[in-house]
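Chain IDs A, B, C and D follow the sequence of writing; residue 1 opens each chain.
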Amino acid sequence: MNDRISRDELAARVAADIPDGAYVNLGIGAPTRVADFLPAEREIVLHTENGLLGMGPAPAAGAVDPDLVNAGKQAVTEVAGAAYFHHADSFAMMRGGHLDVCVLGAFQVAENGDLANWSTGGEGAIPAVGGAMDLAIGAKSVYVMTDLLTRAGEPKLVRACSYPLTGVRCVTRVYTDRAVFDVTERGFAVRELFGTATVAELEELTGLSFVTAEGAAA
Amino acid sequence: MIDKTWPDAASAVACVEDGATVMIGGFGRSGQPVELIDALIAHGARELTIVNNNAGNGDTGLAALIAAGRVRKIVCSFPRQADSWVFDERYRSGRIELELVPQGNLAERIRAAGAGIGGFYTPTGVGTLLAEGAELRTIGGRDHVLQFPLHADVALIGALAADRWGNLVYRRTARNFGPVMATAARTTIAQVDAVVPLGQLDPEAVVTPGIYVDRVVVVGERPWLREGRFVGGVDIDGHPIADETQEAVR
Amino acid sequence: MIDKTWPDAASAVACVEDGATVMIGGFGRSGQPVELIDALIAHGARELTIVNNNAGNGDTGLAALIAAGRVRKIVCSFPRQADSWVFDERYRSGRIELELVPQGNLAERIRAAGAGIGGFYTPTGVGTLLAEGAELRTIGGRDHVLQFPLHADVALIGALAADRWGNLVYRRTARNFGPVMATAARTTIAQVDAVVPLGQLDPEAVVTPGIYVDRVVVVGERPWLREGRFVGGVDIDGHPIADETQEAVR
Amino acid sequence: MNDRISRDELAARVAADIPDGAYVNLGIGAPTRVADFLPAEREIVLHTENGLLGMGPAPAAGAVDPDLVNAGKQAVTEVAGAAYFHHADSFAMMRGGHLDVCVLGAFQVAENGDLANWSTGGEGAIPAVGGAMDLAIGAKSVYVMTDLLTRAGEPKLVRACSYPLTGVRCVTRVYTDRAVFDVTERGFAVRELFGTATVAELEELTGLSFVTAEGAAA
């Protein structure tokens, strides 16, 4: 058995935690994939910040509508029960605390819940933030979905973010390819381990000490 | 009698002066008023400050305006995209100024300008680089930063249909920034597929009341509609697709 | 599955606790959710703070709630009307507290609560009694006062139709405060003429997206409509008029 | 010839100054009557703060719609080209400076443009402000329509308001039953005299000194 789950398995794992009736925003990139794994028996309403509540999957070939896109500018569809609104109304919805869950990618998450996901601060890099800062402060639960380590092997769970912050103390839970972590008052708590990973191994990989989560599956 | 329809895009945008702040609607290509932007390029106004969510896509529309060297500064939330090479090159060579604003602050600052709000406190951006220099205030135990309204001289927006009073309806997510930008500019110019007779738009479903619109330019029906019905047959950029390429569309 | 329809008004409003802040939609009688208010009276919650534009009309709806002695305080812009005798009497005898707010500040404070705005600056009320104690700030050469959001525990609003997701459409000026109040309360309860199948409301014309609505109660069609069409035959209070009295209607 | 014009004549006089294409809010009470005198050849769009742009006259008997009222809660109609919106959007329109003209009643107008029209500050009086403060600061031109004197003979044009203010330095012009006054940097300027009234008489009635208006008709 592998010590990591695949990107699709991770998306499915996040999807499994989203309850029936939830209003959810999926960030651009990997989080968008969560939509493909939402349990069919649950009605979950997807929000896209460019002005739609009730977003459906990608259209069939030939039925692409350039007037109907998601936050990543990809073609999507509307479901029965959808509603359109303008950008200020859309962000009022996000910032006013009405979304139950948002799922975001991350460069780093700190053990106090700080999130860095919009800029590596590199010289010559072009910064782009979009709606990430609004989701980070606005959603009732902020889930991060990411690999535990970068391709270079650096941990993304850290004591304090070195990259520019997206939001302060905003992350609720981190879904990684090796484990699920809750952000608690005392730091990261291992909620669930995947495959052969052990807490000791994850502590060594990240250089952090984890606390035991209440109701953790591992 | 009120008739805000304008004979063509060229005359409608002739009021844009050098150095003006111009809001341009759209989210990426969706809702971007390309015909008005093309007219603005032909008009030749320079040293513009542009407010848009992005910084242009491909080589058309806003990207073409930037490529023509007319944009001194851009205020946006998400400049870097897969197809933002025109902006990227000018930014890296120091020939365009960037004010990066979180998307919600961008939308709310535009609304504030239209709504007569002098400033507002928001938690968005607190503790980040994008709130550096912003006044901090703790309200109800939560930190907020003070944001000020964003006004424009001219707004260029795209809508689906108008009447001669300037009432506007939009189509799907192409609505995006149009309604708030229309409220925040001294002169708002809308390009629409068609102008319908007064009274034909449902008063319950008008999104932008005509009071916010100064000039309306008809540009003809978007290629993926026919007599108001969706017919598709285009890619995400709105270009016709041949049958054999449809498989590539997601 | 999402189904926000509720069997009756009584069970829908049973969540209102003593001492709660309750927003009630409507502008005078227009859009006032009378059936929900009647249920609230029967429910018996006391010491309520009510947010409404007015302070009741005649002897029904909000006026009846006040008459029943359930309202400790009212936050409104225009209590004094020709038919506000219930409020007038209790106010003059010191049995109800009044917080008078300019109507635009009332609407904007409610919106701010729903939109996550911690506070905003407005020129409305500067230099008047109604801004006494408010923090003053000069922005762009103009004086503004700082206003804070107005939240509620429960909002009771009236709309025309809903679907089971809680999407709402309204009718004419009965829309008024409903859409903003729906965003500002922890629990929003809407009374509607009818619930239509999901997908039947035009997504371009939904005014309140269902995310803002928790409970929907069907109260039947308003007397001046029949199967959705206006038939009239009522006075401004909604009471049927006999033919011989129609001359008196203006 | 009388030295005062009637309420209807005054309403017609105000209406005559409202240009084609203007967006106008008429306050409750006497200003509402201006609607009846708007020149038929002009398209003037009436706003009512309870959420309608494109308000029409009172309906025919039997066609009263309780869902369609003006700010005074009277039955009205909609015209072709109308649009409905909610209260926050309506006041954003008013406060954002989009209305060309509002017409308000007044208890007092001061020569610096201060307006008092919502409360006489009397003991036991129930205060009510509605949208007056928003119109006073929001409309491009704030017209006041009032008798020059109260029934008790007190002038409504004053050096400084003694009643609680509605807005500071907000009035553009005052239409009275005896004359029209512009508010200028140097005080009230007589723009037009009605009937037999003279500037000297009006100065005696009000105890004020008037300046000469640019382009005054008298």
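As a working rule, a contact is a pair of C-beta atoms (placed from the backbone, for glycine too) under 8 Å apart; a residue touches a chain by one contact, two chains touch by 3 or more.
Predicted model only: the values in this text are computed from it and were never measured.
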Legend entry - Pair with more cross-chain C-beta pairs in contact, given A-B and A-C: A-B
Inset, instruction - Could you give the separation in Å between the centres of chain A and chain B, each centre being the mean of its C-alpha atoms? - result: 28
Inset, instruction - Give, as an integer number of Å, the spacing between the C-alpha centres of chain D and chain A. - result: 55
Legend entry - Distance from chain D to chain B - Cα centre to Cα centre, in angstrom: 37
Legend entry - Sequence positions of chain B contacting 2 or more other chains: 108, 111, 115-117, 122-123, 170-172, 204, 207
Inset, instruction - Any chance you could list the residues of chain D touching two or more other chains? - result: 78, 84-85, 91-92, 95, 137-138
Inset, instruction - Any two chains that touch count here, so list every such pair. - result: A-B, A-C, B-C, B-D, C-D
Inset, instruction - Going by the contact rule at the top, pick out the chain C residues touching chain A in the complex. - result: 1-2, 111, 113-117, 163-165, 167, 183, 198-199, 201, 203-204, 206, 209-212
Inset, instruction - Report the residues of chain B in contact with chain C in the complex, numbered from low to high. - result: 108, 112, 115-123, 137, 139-140, 142, 144, 148, 169-172, 202, 204-205, 207
Inset, instruction - Flag every residue of chain A that touches chain B in the complex, lowest number first. - result: 48-52, 58, 61-69, 73-75, 78, 84-88, 90-92, 94-95, 114, 119, 124, 126-134, 137-138, 164-168
Inset, instruction - Sort out for me which residues of chain A touch chain C in the complex. - result: 20-21, 23, 43, 45, 47, 53-54, 78, 80-85, 91-93, 95-99, 137-138
Inset, instruction - Write out the stretch or stretches of chain B touching chain A in their complex. - result: 27-31, 53, 77-81, 84, 87-88, 91-92, 98, 100-105, 107-108, 110-111, 122-130, 143, 170-180, 207, 222, 224, 230, 232-238, 241, 246-250
